[in-house]
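Two complexes follow with chain A in common, the first pairing it with chain B and the second with chain C.
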Partner chain A sequence: MSEQKLQSQTVQTTGHAWDGDLQEYNNPLPTWWVYTFYVTVVFAIVYWTIYPSWPIGKGWIGGASNITYVNSAGETKTHSWNTRALLVQDMNEAAAAQKPYFDKVSSMSYEQIAKDPEMNGFIISAGKSLFADNCAACHQSGGQGVVGFFPNLADDDWLYGGSFDKIHETLVGGRRGYMPAFSEVLSGEQIDQLANYVASLSGIGHDATKASAGNVLFHTDTAACFYCHAVDAKGRKDIGAPNLTDNIWLWANVPAAQGDASKVAAIRGVISSGLNKGVMPAWAGRLSTEQIKVLTVYVHELGGGQ
Partner chain B sequence: MQTGLEDQLGLYQKRIPIFTRSVKGRFRRFKTSVLVLAYAMYFLLPWIPWARLDAPAQALLFDLPGRQFLIFGLTVYPQNIIWLAFLLIIAAILLFFVTGLVGRAFCGYFCFQTVWTDFFIWIEKSIQGERPTRVRLFRQPWDREKIIKVGSTHGLWLLVSFWTGLSFVAYFTYAPQLVLDFFTGRAADAAYITTGLLTLTTYVAAGLMREQVCTYICPYGRFQSVMYAPETLAVHYDAKRGENVHGRAAVRAGRGIVTERRHDRAEGGISAERRLINLTTGARALAERHEKGLGDCIDCGLCVQVCPAGIDIREGLQYRCISCGLCIDACNTIMDSFGFPRGLIRYDSESNLAAATRTPPRLHWLGLKTLGYGAALILMSVLLVYSISSQDSFDRAVSQIRQPLYVVLSNNDIRNRYQVRITNKAAQEQTYFITAADIPADALDLGGFSEISIKPGHSGLVQASVHLPPALAAKIERFNLVITPKGKPAEARSESVHFDSPNRRP
Partner chain C sequence: MNFNFKHEWIETNIGLMAVLTMLAISVGGLVEIAPLFFIDKTIEKVEGVRPYTPLEQRGRDIYTREGCYLCHSQMIRPFRDEKLRYGHYSLAAESQYDHPFQWGSKRTGPDLARVGAKYSNEWHVQHLVAPRSMVPESVMPNYPWLLSTPLDISDTAARMKALRKVGVPYSLTQAEFDANVVKFGETVARQLHIPDAQKNLLEQANFGNYDGDRSGISELDALIAYLQVLGTMVDFSKYTDDAFVKYR
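For the complex of A and B:
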């Protein structure tokens, strides 16, 4: 009874009637909700004006605030705020923060940089990102290289020398490794003998008879390997001819080959077809002098240098 | 029948203004001393100087950009975040412990909402006068007097709120410089925003909302009930004594009641002699009331008038009660003046009030819950103190370089490389040595950094490379890198690291 009375007082109907007595309650939205909605509409209009809301046009449509930045050409530009300009601004700030360190890099010698704890920290972090951006595509992120393609920079073997100056020279001017294909001048038998000799230098299982014949070929003008790889087969760093007596393999994938026969076969493959693919690009025009210097020290630290 | 549609309960209740009467007594004195102590700490701590080598000379500085908290002689780095966890756990347990014993003591005496509200009410009272004057002022139209009084109250509130906000910011940057920069418009945006927000929230919470914060916003006020035990002491009205059979009754004059409400200032209260007279006449009056079945409560309403939460404690324990004890002070004052025994409203437990024979209220230490909280509290405090006092003077992180995991050198040796990061947590520059244990001495190569000097609060990076002949590499799976501060061999710490080789892939 009392509830019915309440109902008639508080709940209104829309005034529509169907089938004579079917009515519809009118439950309007709460007032606070409606006003909040109006406020959001007003807010949206204000927001629209203050913030950049349309990617087109000029003037007020770009928002209330401006951004000033220096572009790559060194010109100071000002226009309505956008994240692209903000990125340029942030990049400029980061470059400015790094500048004192790069300035130090250019004024210090390699040895000084390598011994200074603060600079060492900078080399480790800045060198890492420079290496990752420019070098890691071939030499891999840790400098371990890929056998058969790109030399390992983390080991203690340096094709062209591991001093700061030599590494710098390699970075600035690039390198081109080359070995002629001996299948054109030697018979298959002779190549096999040479391969066995090279295997013997590194302590890999080999045919002793073939190896001694290979030794003769190596040190005479028939194959003339010693011109580049030197009489003791330890290579010549001035031309990047590798040391054949150690356990580092760049072109012949000996470490991955299973069994002596296939190791010898891998060596035979390189002698037979030679190689003309050891290209390291020159970085002089692409990186700044300081960046190359940072990378020099970084690469030197990777392999321990010489 | 459709129910629910029609009984629409309003979600918003307009604040009913509360005009608290000031009162004197034990609890008021305690609250005032807590207020003075808390304000002295909060407002003065950032101004205490403390000489440091390479950090601002401020005793308490939460240096966010420098990633360090400077707390007097202690420097807390982000890696010590566990201390904050310990501290928060201790605070939580302390809260539970105290609440189990004496109810919402935190709410009533220590909560910043209570302390600031208390101070704001004091300002209000100082400007606008005692409760009746304030009620009159509230009701009168906006004339000159009302505008000046109410305006200056709000102005003073805003001033206190502003200084509260600025003091908070002063914990995060060098305080003297902040104040100078703040008023010359050179302080950081964050300083203005934080101060502005805190000014606003302090003003709104302590000046305008007050008890509404405790009633509607604060979750602690709501979950406190689960921490109460029947033995928990809380502010209670002794209904049995106050109501008797026929309930409360006002005291009528000429019934042998001594009304000594107005204390003589020179006497500083009721003198002992007068009190004795009151007691004897009071005892007679009480006996008379008891005969008629009347309770001891004279229904003067003072306990309601002094309540900052605007409740009537005589309705029993309720969630709005912040347990500040002011009604106890109020009731005791009245009881004294009538010569009735004190403690009609008092700290007591529900179990004692319900018991047939009453015992004097006491703390119940020996509950399982209380003992458990106490033990946890002691354990966590010991852990925190131990953790802070036994911390190393430096932090180290040794990570193996995983790309490549190992390198085979030209003579078949295996090389692993490690990155060692040392963070100097001591107050002065320190040199560190790195050595290796369990491997041959010449196996470790540190480049140019067999020793590295690190400034306080800074980190140093060293690349260590270790090479072992294949036979040894096959045997050694782990070894230790030992970092020793120069001249402090006792503080040397070793880090066990993995050694990878081709035959033993991880």
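For the complex of A and C:
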């Protein structure tokens, strides 16, 4: 209290009083604060002269700082500083650093890349980030896929073929899976017989009588399954028809089904409603030729390349 | 330092203080936003950007209704890491028909400015209904009701009329339609014609069958139609990598 009283005698007040005795001090700003403020003003003026700043009419002052870059058409250009020009420069630098590797990628064959230890290291690191950004959303981070939706890329079972060329073809153009729904052309009983036959091909517990009837349906024009899945039921990679004899499942969620009856029911569901999914997007427009080649080798190396 | 002005004068005039306070807090906006309306390079001149079709626009309404913008931005910045992950940086031109735009800066989920055509429709269906079945580490909520809720299409035309009032070139008259034909081509212009809004919406939804269910048009049909067009309107292969440098 006494200190405040002392201060009120020495420090200037604003001169007005409320409620009779309520006064307001008029303390000067600390010197360090005032000079810091002046420095920021000077800093701002220097900044304006270097970087884009004041709008004038339909344009603005570009500033003294310039960026010189080479664009994708090979022209050297200079533009006042901006983040877009900076990005072109940045991408060029990164591309120059990666160029030796990507040059090798374009000039070497798939087999050569796969056998070269140094290139393999590059494929693993570059391919990993490309895969994470573009493929992992569906095929999952390790390429294991999701039963019922997206195929496993880490096993050696392939819908469209697991050679370098076939993987490349899938990446470039995408894929579209299709199987007609049989609920309208076959009776419920016939579909059940077929499901039992398909289950028998993979060694799943089934009704033998129904399975032998299904065998006939499969191989005759009644259901005509053999057109796509082939006479030996091992599928046709040219049209993406899966092998039905290997107990590897994509569309029918057999692994999750408990007990033979529900496994057969899962198969029955697919035969009955068919498939109009299995869409793999085309990556040709999104990724560069070299990036697709890197991914081709990466996917091939995930474990199942043929 | 002695500031000897009479601030008593301001402090005892509430009206004056309100006016001066407003002026003080408007400076930021006046300096940073107002010039954009006069600078002729604010919106890049680029081919392909068009207003949303009725179905896409309804999808966009659902996007905002569900608050997708709280976790997803639609603004790819011009940095190397963003270009590598998401694609070409966003242009102002690409959101010129967005009211309000969905740029955002909060990314709990990934940026969606170029998510269009990156994933299949069925991926989107499954991912929106049960995100963790597709991306195990995802923290996105499930949106199962979108698949089971029929899309309310009764007010499609009214919504387009509202957007027309704020400057989106949806056409009401023959003259406006003809102008759109010149500007966007006939196929697009037909989609932008308000009198045909419902017919166009149904056609696109039935043809596209975005949610994989032919029994009706769900809110998911609209939302996926919207997501699949995001960032796909401009064909960047037609432009050099520095084509948009001059606009900044």
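The rule is simple: the second predicted complex is superposed on the first by the 214 of 306 C-alpha atoms of A that agree within 3 Å, B and C clash if a C-alpha of one lies under 4 Å from a C-alpha of the other, contacts with A are read in each partner's own complex, and residues count from 1 in each chain.
The rule is short, and it goes like this: a contact is a pair of C-beta atoms (placed from the backbone, for glycine too) under 8 Å apart; a residue touches a chain by one contact, two chains touch by 3 or more.
None of the values given here were measured: they were computed from a predicted structure.
Within the superposed three-chain model, A:280 lies in touch with chain C and out of touch with chain B [touch as defined at top].
Contact with chain B, but none with chain C, is seen for A:11 once the two complexes are overlaid on the shared chain.
Touch criterion met: A:144 reaches chain B, while chain C stays clear of it.
Contacts of A:154 after superposition on the shared chain: chain B is touched, whereas chain C is not.
Counting residues of chain A touched by each partner, chain B versus chain C, the larger count belongs to C.
Residue overlap on chain A between its contacts with chain B in one complex and with chain C in the other: 140.
Residues of chain C that touch chain A in their complex: 1-3, 7-8, 35, 38-41, 77-80, 83-85, 87, 89, 117-123, 126-127, 133-136, 212, 237, 240-242, 244-248. Considering their complex, residues 1-3, 5-8, 401-404, 407-412, 415, 417, 419, 445, 447-449, 452-454, 459-463, 465 of chain B touch chain A.
Those residues of chain A that touch chain B in the complex are listed here as 3-4, 6-7, 10-11, 25, 27, 114-115, 117, 120-121, 124, 140-142, 144, 152, 154-157, 243, 246-248, 255, 301, 304. Residue ranges on chain A touching chain C, taken from their complex, read 12, 14-16, 26, 28-29, 34, 52, 55, 57-60, 69, 71-73, 77, 79, 82-88, 90-91, 94, 129, 133-134, 137-138, 140, 146, 149-150, 276-277, 279-281, 285-286.
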